[in-house]
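Consider the two complexes below, in which chain A is the common component and chain B and chain C are the respective partners.
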Partner chain A sequence: MSSCENPNTDKDALMTRRQKFDGQTKICVKCKQNTGNVVVRYAVYCKSCFFLLVQTRFRKVLEPSINAVPDEPRRKALRAVGSLVIGFSGGTSSTALLDLVAKTYFAPRTIGDAKDDAALKGGKDHPRNAEKGIWKGNPAVCYVEVCGAFPGEKDRIEEIREVVGYAGKPFEYIPLRLEDAFDPNWWDRIGGGNIGTSARILGLDLSDEGLRLVHSSSNLNPHDALRMYLSSLPTQTAFYSAIQILIRILLLHTAASRKASHLVLGTSLTALSVNLISGIAQGAGFAVAEEAKEEWNPRPEQGIKVRVLRPMKDIGMKECAIWDWWNGLREHGRGKNAIGALTRDFIYGLESDYPATVSTVARTCAKLTPKEGSNGVCIMCERPAQHGVQGWKARISIRSYHEASSAVSGKSRPPHLTEDEISNLTKFPVNSSSATSNSASLTARLCYACHTLLTSRSSRGTSSNPAGNSSDVPLPLWVHPTIGSADAGNPVDNQGEADEGTRSVKLSRKDMESRIADFLLPDSE
Partner chain B sequence: MAPRACALCQKGKAMVKRPKTGQQICRDCFFYVFETEVHNTITQSNLFKPGDRVAIGASGGKDSTVLAYVMKTLNERYQYGLELFLLSIDEGITGYRDDSLETVKRNQEQYDMPLKILSYDELYGWTMDAIVSQVGRKNNCTFCGVFRRQALDRGAAILNVDHIVTGHNADDIAETVLMNIMRGDIARLGRCTSICTQGEDTIRRSKPFKYAYEKEIVMYAYFKKLDYFSTECIYSPDAYRGHARAFLKDLEAARPSAIIDIIHSGEAFEIKEEIKATQKVQQTCKRCGYMSSNELCKACTLLEGLERGMANSGITDRARKKLEAEGPAPDNLRTIPYFKLASGNPTITVETPS
Partner chain C sequence: MSTLNLKIEFGGGLELLFSNQRSYQIALPSLVPKDNSTAEESLAMKEMKALDVDYLIHHMRDHMLQERVELFMEKDTVRPGILVLINDTDWELEGEGDYKLQEGDEVVFISTLHGG
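What follows is the complex of A and B.
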């Protein structure tokens, strides 16, 4: 329907642009003394008040979730039950996060500093408390190198090592590689648990939508396994989303192996909004709340519950960049995405015209909760999965008469098919995509988004896909223990413009054809 | 190149690549699966019961033209037992509806369905041309959207129907999910993926094409040789929605399932209970009896602004305060007739196929 056919349009015209700030004064809105240096969401701040603003927002998100019981009174102390792992990408907000964590919780005290001496006298700043950190053990910074997925990309592990150790930051550096997800040595190192022999030799058939598990004959090294897994994915969107999932699970397992209670990520407000919209566009609405804050339960023997926090989620990308710039920090980011990149470009574009959009997206999504009906956890992304997904998919798009047999038989059979023909089609699957009933399939173990990631196709395909063998694709290692332990079961044409104020065009057969031309197959005899 | 066999029946020659699934299928199978999926949507949600009187919101555009055809087909094939009507709203935009209303009138004859055309002028005493001459082009969509919704309900009450079906398709719904997230409209986000909505005392409204891709609707019209008018009102610049629509088209090009994936996401979440508790309780407009979140419904607020020469009072807080400062509405103010659900026979004569 055309846009004005929708009754929900009443607010659209209210989306007017607003000045970046009132323009009447350049005095900092906070201290009301200094000349402002930066505009943050219509308000002018001086440099020192800007630093305070960012640090306050950062602590306001992080600190209520540090103690075992979230949001409990914290007058006495912040005490985490485990250690701290920081997921570091080298990007703008990640760099600001690392700096903020170091300055806020791990800043070395200078003996002799009068102010510090005063602070050391007693209370929570008493020397005996100074010895006790908030988190147990040493904090660690974990970086996942993704060059294995992008041939020709520079390996930045050593570059990041310098950044992490810069200015004597007290962090232990844990470099990982994307291919570790397929490396049994890494899995053993982090205590991932026993993978049965039968599970270890399972591969995935991605040649059709059945997602059958097959006995794998290949014996690839982790790097080749990663390349094969990624190149077998059906879309560019799936390619980049799969990398995001691999990074997230690698970080989670690493955190669990260090008995970490907190994994903090440098997702800024802008990035969070992009992730939320991108996730929703990829069918991950059920797990939308997880995008801002999640708790991940490792296997009992592996570690304690890991709280994944994004302390930069109230700070925009611009503010992070200013923080980095004024603190002399360099960023080392990279990366692009298909639906993710489109979403990012879209949100960035809106942000310049409608600056409040970014925070509106995050605030709106914070008011959402999944509907009832969780089927447990998806074995691919390890996030909550909804039940009834496959039935829903089959109802709204009929992909074979076999799968829709109850709806297409009897009097309601396709009129162009005889009773015998439809009977045969509903009795036996006509292609391998439906031939999953007798063999193990991954389908039932996946959430909607991961199932779509592995099956949804586009005419573009993946750029990196070398027409390889997609019938025996290696799986990330965390999938194996689970499957091993259970049964594998318009633009409108401008011609014909009428009066001023209206355009009413009777569509000719040719016009209609042009709208659907991409989907009509050539008449080849 | 040898012709490809249909991926569904393995018999016919593949003629289309289905936008929704990417499968190459024959024309007959395309018709059949398109109709059956709409049927599945209807039966899964128990939208109708035998004997229901159902009005099809008909604009003469592609969605409603195909909807009328498919509703008639399914009603006969699956014996829904529905009494179908066509209901059109004439906004009063010179030239805008003239051609498309002709399509609707032709549908009335082809499908043998009674037709009711209700105009803004008849109901509110204002045409959109008159409204635009007063408010300009900037906010006129607000008036048109609010007035249309109420006009459809009132037209349905006149026809004494139980149910209105509209041609909103999957693209519209996915776009609305994105829009409501981006503008923070929690109340609408919670209900925009519902197939059926119903106010306290209004007629049920459903979207049987909720899961039908816009491209497939055009494809269906093309192969069935259904003619329609593509009517785009340029009173409606709707820039923000335009942004969302362009974004959705980009997503669809990257991965065609994106439309259905967004709808699935929208169906998978709901508004937190503590947020719901802060939402306004629905009441009845004290002036016209239509459902409302405030003492006066939006249509009455907008109409009062128009009648008192302060059209923006229904748009901005500042203009509303200015209107309130000028005192209460005069007694002789033109108002919308009091809304009540009709019972028994239609209260006015409807055009029936000759």
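What follows is the complex of A and C.
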């Protein structure tokens, strides 16, 4: 058996790799008749049973969340309240997702179903009959082109259009670009709501943690605004995380504009594990549940509540790749990122040697619940934001070397930094009056992960901004309506905690008793 | 020495490392060095073995791969995230690298590194 001893002291203590296939039998564990073709986490399946396995897992995740009231007993029929949007990246699991949705819910009628067709008054394409399906209207396949963020990368919009074309009717193709997040024309087209003239010209000062909003003097086109926003971010990890956030919010707003009730994404079990761990590493632990499944409320005039589902989350990347290959589907993927790349390499290595570990990561994270609730939504990523972000940051970190100078001396100072570099890193201490000036700030409206994304500093220095100016950075358009509206939308309740943190007051026994008196049971004799 | 004709196919974008060609027909000797050495030199003193998938992978690295070896191989086997099918069957069912190749076998390498 494998050992848990210290391998440094005992060379025989290394955990041996369990054989993924023990060579006992090659017969399919499901039908017990056919010879197996594939091993899925220690179990052998033939081709037919493999297809059924994948489809069953896909439906098991998706179908309980289709009806407005999920998991109701004795569910009679699947009926969604809106339309369906599929987020498609061209990668392995996206391709499998599109194929599964098409085959499961939009399979073309076979020739000879005359009886069925005759029963459809007005013909099968009549709008009245479109609603005979689960979702209203036609499903849309939405692709976000990211070449605007990567100079030299190929524009794949037309290539993906061809791929979606193979899925056939009734799928509609909606191409988007990353720079649409900074394009007022796109915002108006999807009915995003009135930003207001003053909010439209707001920029972000990224030069200090206060994240002040400033009157923007720049008049950049969407592409340049995107490049400036991304190049102003402090780390390579932030660069790629910001792109992921932009893609997700673009998809959400597109879904809302189509009155969609469901947005399905192709995140596989493997990718989910990678996202969970890399997200936690970047401070997004509060939103682990949202990585698997979330509900998003657009502004009332924009659309209905959108359920974001990941029906491939119980299907590993291996199964997706095998599904694509055996169905003759071709992937058109790309992509890499910093912390994500490291995590992905780690998880892929785990999946090769210890396949059960990957599903364990996802299952364990599914059991996590935040210690405290949320009373707001982050203005940037539109996910629940935890209470007391700035207070937490103030408690767990030294925010300024100026403050800590008396505690840091001699060998305590990081040896690889010069005095000038230390001074640059701590130019604007959190408690300075400039952080609480009259200008509005984004800080109080952000979750911990987004605040860290915008302000985290690497000891190697910040990433360079070609314009050399991080004090007037454009913001994605969905941020503006919340800033511009009178009630400031739904900000996170951190206003009073930006500088002071929280104070705890010790109650006397008598005070405690009076507070809970209503809940105490009477002493029984 | 006899040769074995094999068909190699690539999926998941792996063809980008192999001159953008998705399918190859290659011929390899039926007996190869046990140390997976693919150099064309005198084999008289070397210990030999029947052609297997391990040797095929080394041959592909040394004679077919155009760039970025680390994206294809890691520690003498395929990199984690690359699937191998031998005659439409998972190579884990066939003994992975130890599978002895036969005439006309089809080996497919699929990359799962383009996720999402």
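Keep in mind that, in the parts below, the second predicted complex is superposed on the first by the 394 of 525 C-alpha atoms of A that agree within 3 Å, B and C clash if a C-alpha of one lies under 4 Å from a C-alpha of the other, contacts with A are read in each partner's own complex, and residues count from 1 in each chain.
As a convention for this text, a residue touches a chain if its C-beta (ideal position, glycine included) is under 8 Å from a C-beta of that chain, and two chains touch if they have at least 3 such contacts.
Predicted model, so just to flag it, every value in this text is computed and none were measured.
When the two complexes are overlaid on their common chain A, residue A:Val29 makes contact with neither chain B nor chain C. Looking at the shared chain after the overlay, A:Thr267 reaches chain C, while chain B stays out of its contact range. More residues of chain A are in touch with B than with the other of chain B and chain C. Once the two complexes are overlaid on the shared chain, A:Val214 sits clear of chain B and of chain C alike. Shared-chain residue A:Leu78: touches no atom of chain B or chain C.
In the superposed model, A:Ser456 lies in contact with chain B only, and not with chain C. In the superposition on chain A, contact is made by A:Gln236 with chain B only, not with chain C. Of the two partner chains placed by the overlay, only chain B lies in contact with A:Arg509; chain C stays clear of it. When the two complexes are superposed on chain A, the residues of chain A that touch both chain B and chain C are 349. If you check the complex, the residues on chain A that touch chain C are 20-21, 23, 26, 36-39, 44, 47, 89-94, 266-268, 270-271, 274, 317-318, 320-322, 324-326, 330-335, 344-345, 348-349, 351-353. Across the complex, chain C meets chain A through its residues 11-13, 80-81, 83, 85, 88-90, 92-93, 95, 108, 110-116.
Of all residues in chain A, those touching chain B in their complex are 1-15, 235-238, 276-277, 279-286, 288-289, 338-339, 342-343, 346, 349-350, 354, 357, 360-361, 363-365, 367-371, 386, 392, 395-401, 404, 407-408, 412, 414-417, 421, 425, 430-431, 448-449, 452, 456-460, 490, 492-493, 498-499, 501-507, 509, 511-513, 515-516, 518-521, 524-525. Residues 1-4, 7-12, 14-24, 28-29, 32-33, 36-37, 39-41, 44, 59, 61-64, 77-78, 93-96, 98-100, 129, 132, 138-142, 144-146, 148-149, 166-169, 172, 176-186, 188-189, 192, 211, 214-215, 218-219, 221-222, 225, 227-236, 238-243, 245, 247, 250-251, 253-258, 260-262, 264-272, 275, 298, 315 of chain B touch chain A in their complex.
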